[in-house]
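Quick notes on the structure that follows.
Letters A, B, C, D, E, F, G, H, I and J name the chains as they come in the text, with residue numbers starting at 1 for each one.
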Amino acid sequence: MLPSEVSVSLIKAKRRSGLSFAELSAQIGQAEVWVASLFYGQATAELQQAEKLLDVLQIVGTERAEILEVLTTYPIKGALDPGIPTDPFLYRFYEILQVYGLPLKAVIQEKFGDGIMSAIDFSLTVDKEEDPKGDRVLITMNGKFLPYRKW
Amino acid sequence: MLPSEVSVSLIKAKRRSGLSFAELSAQIGQAEVWVASLFYGQATAELQQAEKLLDVLQIVGTERAEILEVLTTYPIKGALDPGIPTDPFLYRFYEILQVYGLPLKAVIQEKFGDGIMSAIDFSLTVDKEEDPKGDRVLITMNGKFLPYRKW
Amino acid sequence: MLPSEVSVSLIKAKRRSGLSFAELSAQIGQAEVWVASLFYGQATAELQQAEKLLDVLQIVGTERAEILEVLTTYPIKGALDPGIPTDPFLYRFYEILQVYGLPLKAVIQEKFGDGIMSAIDFSLTVDKEEDPKGDRVLITMNGKFLPYRKW
Amino acid sequence: MLPSEVSVSLIKAKRRSGLSFAELSAQIGQAEVWVASLFYGQATAELQQAEKLLDVLQIVGTERAEILEVLTTYPIKGALDPGIPTDPFLYRFYEILQVYGLPLKAVIQEKFGDGIMSAIDFSLTVDKEEDPKGDRVLITMNGKFLPYRKW
Amino acid sequence: MLPSEVSVSLIKAKRRSGLSFAELSAQIGQAEVWVASLFYGQATAELQQAEKLLDVLQIVGTERAEILEVLTTYPIKGALDPGIPTDPFLYRFYEILQVYGLPLKAVIQEKFGDGIMSAIDFSLTVDKEEDPKGDRVLITMNGKFLPYRKW
Amino acid sequence: MLPSEVSVSLIKAKRRSGLSFAELSAQIGQAEVWVASLFYGQATAELQQAEKLLDVLQIVGTERAEILEVLTTYPIKGALDPGIPTDPFLYRFYEILQVYGLPLKAVIQEKFGDGIMSAIDFSLTVDKEEDPKGDRVLITMNGKFLPYRKW
Amino acid sequence: MLPSEVSVSLIKAKRRSGLSFAELSAQIGQAEVWVASLFYGQATAELQQAEKLLDVLQIVGTERAEILEVLTTYPIKGALDPGIPTDPFLYRFYEILQVYGLPLKAVIQEKFGDGIMSAIDFSLTVDKEEDPKGDRVLITMNGKFLPYRKW
Amino acid sequence: MLPSEVSVSLIKAKRRSGLSFAELSAQIGQAEVWVASLFYGQATAELQQAEKLLDVLQIVGTERAEILEVLTTYPIKGALDPGIPTDPFLYRFYEILQVYGLPLKAVIQEKFGDGIMSAIDFSLTVDKEEDPKGDRVLITMNGKFLPYRKW
Amino acid sequence: MLPSEVSVSLIKAKRRSGLSFAELSAQIGQAEVWVASLFYGQATAELQQAEKLLDVLQIVGTERAEILEVLTTYPIKGALDPGIPTDPFLYRFYEILQVYGLPLKAVIQEKFGDGIMSAIDFSLTVDKEEDPKGDRVLITMNGKFLPYRKW
Amino acid sequence: MLPSEVSVSLIKAKRRSGLSFAELSAQIGQAEVWVASLFYGQATAELQQAEKLLDVLQIVGTERAEILEVLTTYPIKGALDPGIPTDPFLYRFYEILQVYGLPLKAVIQEKFGDGIMSAIDFSLTVDKEEDPKGDRVLITMNGKFLPYRKW
């Protein structure tokens, strides 16, 4: 699935602006990954936030109205084709699921009981840990535990 | 794909022992999730660690020799059927990839350049954040950033 | 995916007992569909409930210990092969998703905002509406609405 | 599969009009979910109903004739790509089928005999149950039971 | 998907008996194709009919009890692997769907309105038309038309 | 797979003309379902028949030449995406294959020997059987039996 | 899909006998490839032929009765898993279809009209052409042309 | 996968010219099926051959330059979607692979040893065998045998 | 997946220029395969390198700016459709994985321990070995070994 | 696809023997990777080589006869499930195909013309390059170039 036209316009405008997601985050008042998820049609902005983003990215004219409407509409989420992603960066997360999915389930359900980690009441943070042998990526997932309801 | 016979034996022995992964972790000297990944055929133990684990789980006799051999052999990894997992706990990680995969790629490559987060030089930690509105699961992924080589 | 041996044993014992799910529900103190979901490895029982169920179904001996362990363990859920079910009864639910999935999303998100109906904090009730032109099945789904978290 | 151009036009006109599906339902004289299913090419309107809808949404000119023809034609139904949906809202219904499909079959066939719940002679209602711990979505499915014919 | 053990037993017993489906049909009081569908786990017999069938096929002992239980239980239907069948006989029906599916939809919906031909309130007859240039197979499908409900 | 532009033009012209497939059938001198299969790119017309059809549907100008060429060319057949159709009308034929495919094979091969019913030397007729409890669709398939050649 | 037990038994017996398919062909009075297709459950033998084959292969006892029954029963054909074969020998035929399928269709339909080459009224011969630069395989397919019926 | 624009142009020009593949073959000095494979982007022509073909088909102007470039470039081969073809003509070759693939492998490897028939050093011929009971298609495949290298 | 417009433009310009990848490699100061990977959107160039490449290929005007932006952006990698490639050249690498994947794993892990060969810190060289019996392709893969981290 | 029983026996015997593939290679007189491919059912040994291997691995008794037969039979090759492998080691080769497949095709066909690198007349060598920053894996593929035949 190719990025939508709106995604492409936002990415180009961001490149022109020279701003990073961290800088946009500071302007919009939401976290870096959340702002990036807005770029890829995976989140909904308040009208005011969307206006602010388009101001910062200097998107004007008829394109602005179009993008504003998209950013404030609840999207059909899921940005990838169904199945297994072929991009190596994205694939590694599928690999982590294949290799560590059952161990994570065993450890988390031992700590919390029968249920899941929510991917909705959920946030994601990225940090960089400098290391002379090669910098490290730190990703923190923070999701509400949802126990299965018995009825 | 069903858990292998060795996985089933280890899980049953752990249940009989009443020990948690945290307790096994303390005994084996490796992290909780790593120990669980050993249970599901996703990691290789040193002979000594494998012996220790089988002692703690009180696995003896011919079954012990069989399991010892498996635990110290480099496995064919990937514990799930290819494609999209149907268990709701596991599925949420696929959903995170669908929804936040491209945003993560954009943010991480902005910080680190063209490359990937390794899933091999990689570790995984699980924490519980108590919260009156519902406890939260914290998962920390720590992977070396691997830049693409130009040649 | 064939029903597990434990499922088959429970179904046979229920048939021998002549009891309906409604009658088992009254004995176990949980709803009809929940009890059935226990039969198919989709829910976890308290030890006491599991004992009660096995008493009522008159399951004894070594089989009892085995089933007791399964019923009180957090299962790997999802009872069907991945993809599209071929049984006509099950398929109709896939068809409802194909035909009414987007309309439901539009109506529910209009009423509740951007988010999902939980399938975890969730219950399911079945009723029979007698009708001379053909009885009708009433299924009520009751799931907590989970709004997307912004961070 | 992307929504068709007709769907996109209807959704945009509805947004401009500021009307909810509940308000359109009152105007058209059909239920909320049914009206939404018309928006997504999953139902056929009487000419008069289609005219009414286009009046209310103030759709005029050549676009009106085009949409009128589509709304009154029997569509090829099924709005999603074959397989498993990647949008989290839609996926939850697939998950309900995976987890509760066999239990539902067992309970419904126990009450009604060998057969299926029709997805054709079928209706769907959505309600909102306010709850201080989080509002709840109530979905009621009402389908005729169709027993298998023996011949 | 291999035929179940019960199917294999019934097919072997029929072969031993030398009886055709037409002869079994006369004995059981149901049509030929319906009797064959019972052999492949696609229909449910009344206890009396099942007993009669097993008498005629001279199936006795513990195997009889097992088969009796299966024949009188509502089965999980759909005898083929999901997807496209590889047997040439079976494939031709998939080919007919590929080539004549949309034409049939156009002709039938023109005659009946928006709806479907039921595959539940449905019967199937096979006849042989002798022809010097090669005998012909006549298959008659007879299904109730189900119009879409508007609500 | 969307209907081709030629199919869409033919369907629109037919709608404008107000003619049914039965009426077109009378004009063209071929059966109703065959004429519909021509609309969907699944059959080849003689030049004269194609001319006649375009006269009746009042298709003129450059579009006429284009459609004429398509109607008289041997098409790449198979109008649906590979796999399982999502439209409920079409799906029922897949369901019939899943449920009654093996029984049909058993009954037909018992009557005719090892071989198949041709889908090439084949015709298809649709009839309407009026019934106060709901009209019934009658579909008759008539295919030459092709025995396997031994060599 | 693994070869069936019957296939494995026949292959082992043939190996023990030291006979080639060409020699079996002479004994059975059918062509080499046809005899091989019988080994893989893709053809049906007359009782006499099956007896002859089992005599030649010196298969006796209970195994003989079992194999005799299988060889004289109309099989469910198609010996490979659905999809694309992974064995390099078999794959080349899939590759020929990918590369030369449409050219073959164009050339054959130009010569014969709209229709297909039958794979039922069909035979297959293999020859070896010796060549100092490397021997060549000659495969001849001989299938009846089946023109599409117009009705 | 639809035929490319270049394929469509060539096919239209061939139709206008009234020439058969056999006639083009005589002009180009290559076999009929090879010429057809050039039409579908499955072979590479020498510049001179491509020029000759375009002369014969009277393709001129900017389109000529475009097509000339494509015909003389090494293509990405494989003209069909991955998986199983839905066109009945093409499908029969897949069916032959399913039914006769393993028998062919057994017979050919018995004659030649462990290896494959090349689909690269390979040619394909089509002949028509007239027969009062229905003409027959003869397809001859001629491929170099490639034995597995041992190293 | 078709090559992107940028890939097509680069390939056409290279053809016009008459330069080989080896000659471009000398100009750009990167290896032949790496330069080719840039053409197919699988690598990121430094601005200076991209400028140099466009100079050499004489790409100017608005197209130049567009391509410059693409060449210096981190791409979504993976140039083929998910699954099994249908082009025979590409397929052979899939075949090597099917046939020699497990043997390679066994030999490499025996030499290096549990881990993988990196496809990121990785380079690829192609050589031609002239041979009177047919020239040979030599491909050398050089990837860093990444041992699994234990934590 | 699980390794066959023969593979498992050979791997266990090798482990017991303490011999590496390099040592077995010296004994058998074939290269390391070829010997490993024999272990996984991907190559055929001469009887003498197979005897030698079983002597070295000290495999005796009825198991020996069984394995001897398998090792000297032409196998159905392809050791992995169709599709994309989930083991991280194996997956990297699929990733190399996704990322570098088209660049390799462009470079090799530029050097050699339209054709493929054979995977049959092919060998594979593994070397270890010691490097203080992490050892490197060198894989050399050596395959005959096969030009497309024109006919």
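Just so it is clear, a residue touches a chain if its C-beta (ideal position, glycine included) is under 8 Å from a C-beta of that chain, and two chains touch if they have at least 3 such contacts.
The structure presented is a predicted model; accordingly, all values stated were derived computationally and were not measured.
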Chain A onto chain H, same sequence, C-alpha superposition: rotation to the nearest 5 degrees is 145
Which whole number of Å gives the spacing of the CA centres of chain B and chain E?
47
So how far apart, in whole Å, are chain E and chain G when each is placed at the average of its C-alpha atoms?
29
Specify, in ascending order, the residues of chain B that touch 2 or more different other chains.
34, 76-78, 80, 82-90, 95, 98-99, 105, 109, 115-116, 118-122, 146
Chain pairs that touch, as defined at the top of this document
A-B, A-C, A-D, A-I, A-J, B-C, B-D, B-I, B-J, C-D, C-E, C-F, D-E, D-F, E-F, E-G, E-H, F-G, F-H, G-H, G-I, G-J, H-I, H-J, I-J
Using the touch definition up top, name the residues of chain J that touch chain H in the complex.
30-31, 34, 43-44, 74, 76, 102, 105, 109, 113-116, 118, 120-124, 146-151
Which residues of chain J touch chain I in the complex?
3, 11, 20-21, 32-34, 36-37, 39-40, 42, 77-80, 82-85, 87-90, 92-112, 115-119, 121-122, 124, 126, 128-129, 131, 133-146
For chain A, which residues are in contact with chain J within the complex?
84, 86, 88, 91, 95, 98-99
Can you list the residues on chain I that touch chain H in the complex?
12, 15, 81, 83-90
Contact footprint of chain B on chain C as seen in their complex:
69, 73, 76-78, 80, 82, 119-120
